[in-house]
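Residue numbering begins at 1 within each chain, and the chains themselves are lettered A, B, C and D in the order written.
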């Protein structure tokens, strides 16, 4: 493991929905440049963790610090400004617009947060940035296709590309390969991880697919009933008894819905 | 749900609707285009706005339209009794455009502009709502369009500004209420306190103000209630208001309600014994007399906004008997106030056309009608106020009584007050005239 | 900046209409005045609609604009057409900005209904207050233009057309800015917009205020062209319904659409009223249902189909 | 004391009326998320149908007591027929579309139904005073009250209890609550949501029709009577919380009682009351006093 000071510091994080405990006293440090895989059965609290880090859900108790700055209590967009971005399990994009327009909006917002209402969106500067993003995420061919006509995989790629244009220092990916066919998934992850490596982004991703986890991750966090039951390198984790019983075992029972 | 059940229900409804449609088709539904007379003579178009939709249509708008259609038709055919038995409007045959008056003053303004500028009507004769008249008077002036208001009552129209093209052929609301107050004084001299329920707009506000001010002058010992009710027009339910008035110490209830609101109020008040305990004064009650039959309580002081409808049923002038009989033949009921008022306004248009010569301008028509006196169906009309644009007529009241023998309502103790007694002289505003002790009133 | 096809079309069409208006009969000029006045409000509703929001209560702002003109006229004797217009837009805009703090938190049907509720409060107050003209409303004196009182309505028509043209060109430009582009983005996916780092609430607040200003201006122009205001025709919920009707009728495709839609509505109503004084509501309602069911893109989509891909006629 | 009793009874009577007409609106909204502007038409059709047949049967010499049966029959027939036709013929095809568009469709329907009434029944008002006359009047608190008006309180109570029982004590209630909370969840639980929608719409329509049918004997049944009702019931629903029966009850009571106080003590502010209550609620609790729970997305 790399011994940089932690870029993300989570302390005593608790989230309760009535009687259901979705996060039970989570403590974890993430260092700069790490690629972390978050695994766990459905309902183990993975997405809830991502939601809390990005400000979508307020925690019941605890603290989340990003580069020493407290995130709890900040709105989603403030956290984006701070430098944390995310993708979604079900891609959250603008479905009635083209890929190009989607990215243009993302770029425009990233470029100019005060948003000057009087300036046109379509500027040469943004266009060149757009071409750059399209290249890196191999979306050139689909630039003028409306999202609703895109294949699932391309949508997910777009979803991630939109999260990245704001140049985050931490990126959380929520099940990046769900809905992507077995044949395509490695190509897909190669594109994504390649682009992210270039920028030196710290990545946390939630994943069901242990092959993907084994291949791309330097560290695994295994969730079970709102707790981290294992925090170790992927090889070790996949061999771990507890992980096998509570995470992988469960996974095999209810694969795919 | 069971499909059979649905089918049965559907069949039931279809049957019911068919039954309704066939059993009571209202006779006036038929669109009779007013007699396209064969002669090649001149043609004019008269627009007649009235309430054709909404709560005011049945009691007010439709009888009014009927009155107008009947008189236009008779004039076209030259069938009015003398001295109006010449054919046509200055010889021209009139076709009548029916128009809905509902939807608010602003919509009426837009429609009026259309009438004048798009459909090029020659004259506009009608309007029931004071709100509409008030909004349209300045527009008519702006467009220089000869217009006769038939029924609307607010005195403000000719008191606010001098008019060149706008006329009103019946007296305004002040007359209704000064006459009502005088009638109360004569017939109920012991009245100690009075309250009222009025619709919340110019008509209701003006009516109450005039009635209240007059009583303060002529019966200074009577006391006005603090809780006069002003529900919204077309509210329909007056339970709480009736309770409040029942608890009030006043022994008289004045209302300028009209149309559907009036009928609902009479119903609800009668069921609650309101009119048994207190004397009701209904200034526009005349329209209810023929329609409600036995449901109209006895002993109500009833007005018809002038010498019209049930108040003049016994006047046996040729013109009046022609009006009553023709109307009854055509529409199956006695003519109520609005029918008379619209008929009278149409008659005024004929007189203006007859006098103004062929193909007259709006100026010529206005000149012809300004300041004249004419004999209408039920009364004499003098265009003497507002520089000769506002009519004055006598006004009267009676007391309701159900005639068991003939199974209809009649009025007893009818008394008429001459115009000079109940209306201010020209140039004097209603309010200042009443407040000043009604100077110059000749009763 | 304004050299796109839509702006050019607006410029040319506006000038042609102004020329044509000089020779047209009065009633046609009237229809254009009413139509274009209303179109201003539709323009604002269109911006909201593109954001996925439909307000069933914009008669609130329309009425505020109209009544601002009336009150200024009666209490202060203000007759200048520009002062009246600015007052109407300003009053409505201020109200819209304040109400926006509530509205920006609501979406869908709740947004629609809360707007209705607000408009009904104003309706109730106006109807019940004699000083505000109660049910009768007010007549409004003829507008003067920089101190000159015109003989005919034509100058007012010219001003309304110019105001409509300028507003349409500005809105068209606005829709091309980042802010404007956010309309569809917000409709499609608010969560993403927030995660991109932009406040949906602020964006909606701005759009809502713009729509209020436009509706207020529309009310002011309508009051001036009609010469009358009353609560039934300016503030009641049925007026809000009409405004939404025209918005749907026009279609969201282009800023020209509201002007065409409003004109069609004006003509439709005039003729429905003329042909069937007792059943004109039925005609309007049936048209409404037909549009919702069969032409969801409104008149604009039909024009586009006829004219192929190019969006001019 | 008399005044107090009178205000209380007036208030309760008006509240009852408000509750009956708004219950249907709020039920339909709660389950289907449709603000049904055509609700006013159900009311009008209920009133017309009841008034028409009460008059007809009375003319045919039938006993006046039949009137009560006619009122219920009118409500049911109007609700079932209009509700069924509108839901199956029009709304059904719109559930996939924006819910605001559905509001607009009901607005279009409202316009159409208003004029169909004119065509079917004409412009002349109908009177159906027989049931009111039958129950005569009593002296309460020093003034005469018609018994018929008082029975309105009983009817409203019955409707309230019925709704409560249906929602909380029956299997149907459980199903409804599931659909109200989250439609998608309802579908995934195997609930026949289209059927729930149809029945709910018919149920709401029956309540709307009942409001009109029951009030018909006390008013002059004339064109345009539906417009006013929409405004009032809408106000109640906004105050109470859109989609909540308890909210509609509380909203009706607040508005009804305050209005009665105003009419008696300060008639100038009578119409303000309704809107003032609405304004206050809007500013401090825009989702209404009893906003039902909302499911979270994501």
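The rule is short, and it goes like this: a residue touches a chain if its C-beta (ideal position, glycine included) is under 8 Å from a C-beta of that chain, and two chains touch if they have at least 3 such contacts.
Keep in mind that this is a model prediction, so the values were computed, not measured.
Q: If you average the Cα atoms per chain, which one ends up farthest from chain D?
A: It is A.
Q: Taking contacts as defined above, which has more of them, B-D or B-C?
A: B-D
Q: Between chain B and chain C, what distance separates the C-alpha centroids? Give it in angstrom.
A: Inter-chain centre distance comes to 37 Å.
Q: At what distance in angstrom does the C-alpha mean of chain D lie from that of chain C?
A: Taking the average C-alpha coordinate of chain C and of chain D, the gap between them is 33 Å.
Q: Taking each chain's centre as the mean of its CA atoms, how far is chain A from chain D in angstrom?
A: Whole-Å distance between the two chain centres: 50.
Q: Multi-chain contacts in chain A: which residues touch at least two other chains?
A: Answer for chain A, listing residues that touch two or more other chains: 56.
Q: Which residues belonging to chain B are in contact with no fewer than two other chains?
A: Within chain B, residues 52-53, 200, 232 contact more than one other chain.
Q: Where in chain D do residues touch at least two different other chains?
A: Correct list: 115, 118, 123, 227, 268, 270-271, 298.
Q: What residues on chain B touch chain D, complex-wise?
A: 1, 6, 9-10, 12-13, 16-17, 20-21, 23-26, 29, 52-55, 57-59, 61-62, 102, 200, 227-232, 234-237, 239-241, 243-244, 246-247, 259-260, 263-264, 267-268, 271-274, 277, 291-292, 295
Q: Please name which positions on chain C make contact with chain A in the complex.
A: Touching chain A from chain C are residues 1, 173-174, 176-182, 184-185, 187-189, 191-199, 206.
Q: Give the list of chain D residues in touch with chain C in this complex.
A: Contact set of chain D toward chain C: 33-35, 37, 90, 93-94, 97-101, 103-105, 107-116, 118-119, 123, 227, 230-231, 234-235, 238, 242, 268-272, 274-276, 278-279, 282-283, 286-287, 297-298.
Q: Help me check something: in the complex, which residues belonging to chain A touch chain C?
A: The contact residues of chain A facing chain C are 54, 56, 75-77, 80-81, 85-86, 88, 92-97, 101, 104-106, 108-110, 112-113, 115-122, 162-163, 166.
Q: Give every residue of chain C touching chain B within the complex, in rising order.
A: 25-28, 30, 34, 127-128, 130, 134-137, 139, 142, 226-234, 236, 270, 273-274, 277-278, 280-281
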